[in-house]
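First chain written, first letter: the chains are A, B and C, and each begins at residue 1.
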Amino acid sequence: SPPEKPTIVKCRSPEKETFTCWWKPASDGGLPTNHTLLYSKEGEEKVYECPDYKTAGPHSCYFDKKHTSFWTIYNITVRATNEMGSNVSDPHYVDVTYIVQPDPPVNITLELKKSINRKPYLVLTWSPPPLADVRSGWLTLEYELRLKPEEGEEWETIFVGQQTQCKMFSLNPGKRYIVQIHCKPDHHGLWSEWSPEMYIEIPTDFKVKD
Amino acid sequence: SPPEKPTIVKCRSPEKETFTCWWKPASDGGLPTNHTLLYSKEGEEKVYECPDYKTAGPHSCYFDKKHTSFWTIYNITVRATNEMGSNVSDPHYVDVTYIVQPDPPVNITLELKKSINRKPYLVLTWSPPPLADVRSGWLTLEYELRLKPEEGEEWETIFVGQQTQCKMFSLNPGKRYIVQIHCKPDHHGLWSEWSPEMYIEIPTDFKVKD
Amino acid sequence: LPICPNGSCQLSLEELFDRAVKLSHYIHFLSSEMFNEFDERYAQGRGFIAKAVNGCHTASLTTPEDKEQAQQIHHEDLLNLILGVLRSWNDPLIHLASEVQRIKEAPETILWKAVEIEEQNKRLLEGMEKIVGRVHSGEIGNDIYTPWDGLPSLQLADEDSRLFAFYNLLHCLRRDSHKIDNYLKVLRCRLIHDNNC
């Protein structure tokens, strides 16, 4: 039988300059099936085929800079074809600005300090992911951090806007904390993955480096 | 003896519509000396005299809207003359685009709120300086705020871009903080003075207005 | 998410203007940084600013020089002017990106910016043509354009003259990219936010 219609899973752009779409084949009706990704741009009749099926791996289409425009909305479909016929996915509309998902922040540092009233506080600093840092002003990122005691269940999440440092005051001496940070373009776009887990132990009575 | 040559001290525009230059007279050779400010504009041979020596006080020249152009270089000199002769300052090249220094932000409000996880955070709001016309888009301002515990030494400075409000999370309960804000045109120009100091006390355990 | 009434999707004019302003801001930010880096490294004490007076190839385009002029000009004329200035920079930016490589010890940051500005300028031109197409009642004016004949001066043997040619081009790029950014911010407030930004 003809193949069932495939599904476009997602499209992502790491830096608002290029983007990639992935699809999931459905049943191939027991016959060799190939897939063709077709797209048109808002306001244009012309239909184009995927410029590069290779770069991003199987069942994917990679749009390089030349093929990426963020002044238009892409109408994307995937057609599955075998000798018995073909079937086309539902259309997937893509506006590149809405699918930007940066990489996680880097160079995260945690430092314990003591305020004048001897209470410990934690200073976190981090840097934007390399790609976004190079394009500051073009890709403005916002950050959110989360932390919880190692054996605790609930994360405490704090949105810190565009800052790349934060002070955490209310920490319990003697506790070991897990800290992670992620980022997202301001306005539209998606949160990055969380950065790798980092650990910090708040000593019960600790001396500050003078 | 003839007067020594004067020096043009600085030129400033408070709202990217008019500008003023100030000069410093040198020794007047013991004789009554008067000063004439002359300028020419890029692309024109004609030399003009200062349109208004009064409005901005002594040793100044005020250029109203009619006499102020952007993206064009003014070549400004000041001539000191007494009965023995005259002397001309070095030329001062000015593009008004780069000398905009606004007044500080106004209507600053500080409000303590409690986040879902019962942690206090501070909401600051402010307005652009009245002189600055940000509504038309001709002038776009960026803001930066600083705060520090009253008895603390180090200011913490936070750049907030074009927003006119900010949420501050990392605050130490029981502390009294000093807060100030200043602003600058986007891209070019100079930071305004800091707004007057404002104080806010973070209570150790405070009830949020429900 | 994008507006997709009955399957035909379209970016709103507001969305197009927001992206154009973000891009023009970024291009001017880069142009300004590139000029400052070049000025600090190659132009100190050479008195180039006095010579740079009236040296821009786009000087013949009558563009608004103050707030009143920017507010009085009809938005279609201002949009066409922006298109004209952008088009006039296509050619010099292509050559700048290649000629900058030949400057002695040109730092990587200047090289990278020259290429990035050339690419983003083309991108902004694409966006402006889209905006003009949306806003324009009549045909998109293709006539505003000023040619650039500065390539030979970027290749002069005499170092001082060649460096001045670069200085002047970067000075003009900083100026014109700032004009475009400023005009787009004024147009956005006028057309999208009813002059109440």
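As a convention for this text, a contact is a pair of C-beta atoms (placed from the backbone, for glycine too) under 8 Å apart; a residue touches a chain by one contact, two chains touch by 3 or more.
Chains and their UniProt names: C = PRL protein.
Since this is a predicted model, take the numbers as computed values, not measurements.
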| item | value |
| --- | --- |
| Graph class of chain-chain contacts, one of line, ring, star, complete, other | complete |
| Chain nearest the global centroid, as defined over all protein CA atoms shown | C |
| Euclidean distance of C-alpha centroids - subunit B vs subunit C, Å | 27 |
| Rounded Å distance, subunit A centre to subunit B centre (Cα mean) | 40 |
| Computed distance of Cα centres, subunit C from subunit A, in Å | 31 |
| Contacts with two or more other chains, residues of subunit C listed in rising order | 25, 29 |
| Subunit B partner contacts - residues on subunit C that touch it in the complex | 25, 28-29, 32, 49-50, 52-54, 59, 63, 65-68, 70-71, 175, 178-179, 181-182, 185-190, 195-197 |
| Subunit B to subunit C touching residues, read off their complex | 16-17, 42-43, 65, 68-73, 75, 91, 93, 95, 97, 133-138, 140, 186-188 |
| Subunit B to subunit A touching residues, read off their complex | 117, 119, 149, 151-152, 156, 158-161, 166-167, 169-174 |
| Complex interface listing, subunit C residues touching subunit A | 1-2, 4, 7-11, 16, 18-19, 22-23, 25-26, 29-30, 112, 119-120, 123, 126-127, 130 |
